[in-house]
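Below you'll find a set of structures to go through.
Here come two complexes built around chain A, the first alongside chain B, the second alongside chain C.
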Partner chain A sequence: MKRRFANVSGMAMAVALTALLAMPAAAVDKVRIGAIYPLTGPAGSTGAELKDAITLAADIVNGKYDLDLPLARTQGLPNLKGAQVEVIFGDHQGKPDVGQAEAERMITTEKVVALMGAYHSSVTTTASIAAERHKVPFLNPESTDPKLTERGFRYFFRTTPFDDQFAENFFQFLNDVKKQKGAKISSVATVYENTNFGTGVNNAIRKNAAKYGYRLVADVAYAEKGTSAIAEVQKVKAAAPDVVMPASYTADAILYMKTFKDLNYAPQAILAMDAGYISDEFKKTLGKDGEYVLSREVWALDLAKKKPMIAKVNEIYKKRFGRDMNGNSARSFTGFLVLADAINRAGSTDPEKIREALEKYTLGGNMMIMPWDGVAFDPKTHQNTKGRGIIVQLVSGEWYTVWPFDLASRDVVWPMPAWGKR
Partner chain B sequence: MASGVAAGSGFLYARNGALLAAALAYPFLFRQSFPQDLAIKIFLFGGLASAWNVLGGFAGQVSLGNAIFFGVGAYAAAVVQTQWGWTPWAGMLLGMAASAGIGALIGYPCFRLKGHYFAMATLAIGEVISTLFMNWQWVGGAVGVYIPLRDDTWKYFQFGTTKLPYYYVMLAFLVSALLLSAALLRSRMGYYFRAIREDQDAARSLGVPARRYKLAAMGISAALTSAGGSLYAQYVLFIDPHSVFPMMLSIQVVLIAILGGVGTLWGPVVGAMVLIPLSEFTRIYIGGTGSGLDLIAYGLLIIVISVIQPRGVLGFFRKAGAA
Partner chain C sequence: MFSTELAQTLLSGVLMGLIFSLVAVGLTLIWGIMDIVNFAHGDFLMSGMYISYWMYALWGIDPLLSLPVSGAFLFFLGMVAYRLVIRRILGAPMLIQIFATFGIMILMRYLAFYFFKPNYRSIQQTLLSGNIDLHGVYLSIPQLAAAAGAFLTTGAVYVLIHKTRVGGALQATAEDREAAALMGINTDRMFTLAWGIGAATAGIAGSLLSTFFYIFPEVGGIFGLIAFVAVTLGGFGNVAGAFVAGILIGVVEAMAGYLYDPALKTVFVYVLFLGVLFFRPQGLLGVE
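Moving on, here comes the complex of A and B:
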């Protein structure tokens, strides 16, 4: 008797569970785009910013805005009889398997015509596998792992510049400085933390140094969060490079900058790969000693000086969400507009037609809030070939865009002043 | 505590047969990817929790490091393909052997520790192994391993848009874990495990070689967990240390087993049937808001269950039946 009861209630539970599984079917008057982001978990706050940026971009597509952006001045998608776009957000919690399941659910249950996401390179990897298998376009606006486009997927497109391009930007910048300032720059050295990020950066710099004819005179790897950087900095100093290119997280960035000063070592420039050098803590802790450091960035608000539209968009964003845009939200915003624009150009919600439209897609640099030359995808890798980063410099406690020169809000200070002369 | 299988009546065979038939038919009733994905995850986590249950439930050695074996299995399946072009099935066997070996290596010194200290040691070792893989360039270091996409194939266990092969293989994984557990419960080894759990010193005084049997429990648990890891790697096709060695996974399998009913045959399965849908549905229906409400609801339900029924969900049926 006892057992029978257990079995009956067990079956009741199974029935209840299956009832839950019968999902409501989706109405498809609108064009549905799936956006998969880390809305909870360690990167939840970033995910929330990206969600806001995409929500705003969708409003710009659906409403009328006097902005030089794709689909801003018209309502909806003109080639699809003014159809509105609807964004379905999914949360991947920073987990690759959840991202993949979300992508599949979006495609099969929510009937989205295209996907975008996913911020973390690891989740972008697995989610785009699902898209590739279901033959649905996947646009990635913000992951920079080079492997993503090396896979040669047919349905995967990336608008953001990636790590290789950022390293290439370093040498384009050095070439421009040589021309403009008459500086003599021929050698560089790297000093980098030895995990994924640092080693990737070092490989990219090595590759591009050779391509642009610079000598890499030292490459010094170190283990994260050390207590002393004297040995490493002395190695770099002994090699006497013209420019030092560090890749470090916050604590190490501060330690290295202090050690540069302690050993009275000032190369022509310290040109950092983002991360720790660009953190608020670096600026606050080091104060004057952190000045004149250069770093790559993807976007900066002071670009508005040369591209006034950035200020306009940021104003709308800030009014609505109570904070400024940043490099991440600006890239997601742009990615969504490119995807919606491609769907409009396809004039169809057929994923295959959208894929073809993305392959043929081009957009001018004047039609976006990014510092890029535009958008055009490589026919094989589907990497945006017209993206680029910017270089910023810390002067009097503020970061200013100093390169590309045509977008600069301030002249670059080159070389950095010697430690005794500050 | 009487286990379901020990009773062994004809009715039980009929019930188990009906359950299996329902599981076999399920993907034909629910053809969409989401309910199938959900079932695959229930099978996977049910199997992983059963594997943990052998060590933590039967033998009473609470491990908080089972993600180690999950990760080793995942890496074994992935790396044999990318480095040597082998089939992941070979990698799965290799991973099981390696995991059992690693389990023994961990168990040998750590089984000197009892109770909380053993749990803490496994937790720490889990983090160490994760860091090791993070820095091991041959297996991709922090970047992880990309398993190249192929057309539908059993040899490399990849299927494009159909989930059926994954579904049945995961089901087979769960069924194997259950059959093994059932056999263990009835065997001499199973009785030794429980004797060690209840009072190790008393068991030892009666001639149970405690250390050896704890190592055996560890080895079985590790090998099974590892097989689950290999299947997971084939399912998502990309692994990195963050996704296959997370401390959260170690804790999740413990949570599932305990919530379902620790030390019982069906507890881990029931736990997975409750917890996995709970986390998936809360994420889908309220996770898109980004407010974290889904995780709050998930946590709250776990608390409610553990307060009302500390013996796990299975306890509800037992108590209700007894009344």
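Moving on, here comes the complex of A and C:
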């Protein structure tokens, strides 16, 4: 009896051992990609959205979908004998040190062939250092700090447009408006909060204004949360720019709009750099007085009007995860597809080969859910040179995409109506 | 040099300054009568703003009409604060008094966070809206009304202190508490009254401010600090001094921002503040 038991358990052991031995063999067929995101902590809800988007993108690569996306119509990675991709998620909690440790762990323990992440610019900075040290490609789909691509890293690639490009978009937009509306626009002014964000935006605008031949007639820095914005708005008004470009957080965005109205000041347009102007509270608090403001954005659901695939992907996403995609999840989704596609083009899981494939990588704007011209990395900085933002306008309580014109869901209202005529 | 922009900045600065004055008057009153610095003053103002906001949001009552309500409510709240907390620490060392009013501030601010959430709110349509065009100088009607209300309220406080029997009793209490008590003045009642009036002016200022400024739980901090500067600048306990100092701050801030650098506009206010402290420590209208 006892002996028989030993036999049975021996058999079981053998089976278990074979299974164990078989597992790594199966894992060889899977291409492991590490994704480091804030799954807990203050940005935990955002991290969850990004994780969902990447999970969906991996499913699209592994399964068959009738979508104009890289690797959608095939199963797995065709150049790697149809190997499936597997995403290993890591949680950085919004902390740069944790992000770096996770990157280390992913590379040394999880044996990932490439990394992506990490939403926060600060964490992307540290995590990509670990990747660079281990010579593993790191693809960043959503951090916009200009410094990230100025480090000369060999293994770091960024798909999202960053603050410099957004500022450039402002002037491309103005050029387009001049052509389409016959508007006379030659001067701009900035009014910005005087910490990292605002000063960075101001520098980018100054640089691009010169490049595109616009005069920057005033650049007004202010300290956050003041009791009044009279002096600042007066300074802008005195310089009489055609377009005002503010960079403010929520409280100041509200105060400035109110002050613009109080002083009956309406330039041709107020073209904001995201942040406070695009916040829900700006819209809710100001109601009618916030209307006709323009802001840059990275993505919008109404792009689907001109790019029906966006609606298709969003529908799958919504059905599965119960919410709409947004600018963040759309960028992570796209970043993952680019990375998987580059691995497929490399035809190898060797990190060096993947890096080379990324350097040569190009993708057309028709093969993505982003409003970009496509993906192609600058040979030196590895910044995607074909990314661009969109410009949205608040009309009747809703934000509509108004630029690029070929993706617009609504004609831009230009100039903004005078305060007395609303 | 004297352009419409300059005139605009000057006038807008005066209008804003009048609000600063009203906020400062309540603070200086409490200080003058009982030598206590009320750190919760800005948060009394915040309460006034929320009262006007909620009466507007829930029942559509205009801030001009809810103004008496917030004045009355804050009058009551000021008295309660005195009775529950301040009365117990009247003779205590200054540090304890500071902590006590600081505690009231923290309590009010975080209750606001808890109940109203940290969202920004504002009142969009008031009975008075739009602006007046004076040859290119625009004066917003809500701001004009707020400034007028601030002027009237400050004037009323001044008259109350200097021209009435109660005011005389308040002054007497301020001068010498024991002597006043010997003369048959109920000093405890006078203190309660001072806190009531001080808080009520902040409540009224809050209602006036709510017509054109955004509202959120920490808004009291923004105006509280300016009020302290105005009180010191004008002379501790001096109602007329706080009034003048408030306007001065409003004008200096606006003009410095316009003529020099907006990011440094408050620097000029504090340079003025330090200058006055250095050359005239009793304040502009204070007496030694």
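Simple rule for what comes next: the second predicted complex is superposed on the first by the 393 of 422 C-alpha atoms of A that agree within 3 Å, B and C clash if a C-alpha of one lies under 4 Å from a C-alpha of the other, contacts with A are read in each partner's own complex, and residues count from 1 in each chain.
Convention: a contact is a pair of C-beta atoms (placed from the backbone, for glycine too) under 8 Å apart; a residue touches a chain by one contact, two chains touch by 3 or more.
What you are looking at is a predicted structure, and each value in this text was computed from that prediction instead of being measured.
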>> Once chain A of both complexes is superposed, is A:Asn194 in touch with chain B (first), chain C (second), both, or neither?
In response: both
> Is A:Ile254 in contact with chain B, with chain C, with both, or with neither (first, second, both, neither)?
Replying inline: second
>> Quick one: is A:Asn264 in contact with chain B, with chain C, with both, or with neither? Answer first, second, both or neither.
In response: second
>> Touch test for A:Gln75: chain B only (first), chain C only (second), both, or neither?
In response: neither
>> Can you tell me whether chain B or chain C touches more residues on chain A?
In response: B
>> According to the stated criteria, A:Gly226 is in contact with first (chain B), second (chain C), both, or neither; which is it?
In response: second
> Which partner does A:Thr40 contact after superposing on A: first (chain B), second (chain C), both, neither?
Replying inline: first
> Should A:Lys95 be classified as contacting the first partner (chain B), the second (chain C), both, or neither?
Replying inline: first
>> According to the stated criteria, A:Glu132 is in contact with first (chain B), second (chain C), both, or neither; which is it?
In response: first
> So which bits of chain A does chain B touch that chain C touches too?
Replying inline: 194
>> Touching residues of chain C toward chain A in the complex: what are they?
In response: 3, 5, 8-9, 12-13, 16, 20, 119-122, 124, 131, 133, 138, 140, 143, 212-214, 216, 222-223, 226, 250, 253-258, 261-263, 265-266
>> Could you list, by residue number, the parts of chain B that touch chain A in their complex?
In response: 7, 11-12, 15, 22, 29-30, 32-35, 37-38, 41, 134-135, 141-144, 146, 149, 160-161, 232, 235-240, 242-243, 273, 277, 280-281, 283-284, 287-290, 292, 294-295, 316-318, 320-322
> Any idea which chain A residues touch chain C in the complex?
Replying inline: 194, 220-223, 225-228, 230-232, 234-235, 237-238, 250-251, 254-255, 258, 261-264, 281, 285-289
> If you look only at chain A, which of its residues touch chain B in the complex?
Replying inline: 1-7, 9-10, 13-14, 17-18, 20-21, 23, 39-40, 44, 47-48, 51, 88-91, 93, 95-98, 100-101, 104-105, 107-109, 122, 125-126, 129, 132-134, 145, 147, 151, 194-197, 199-200
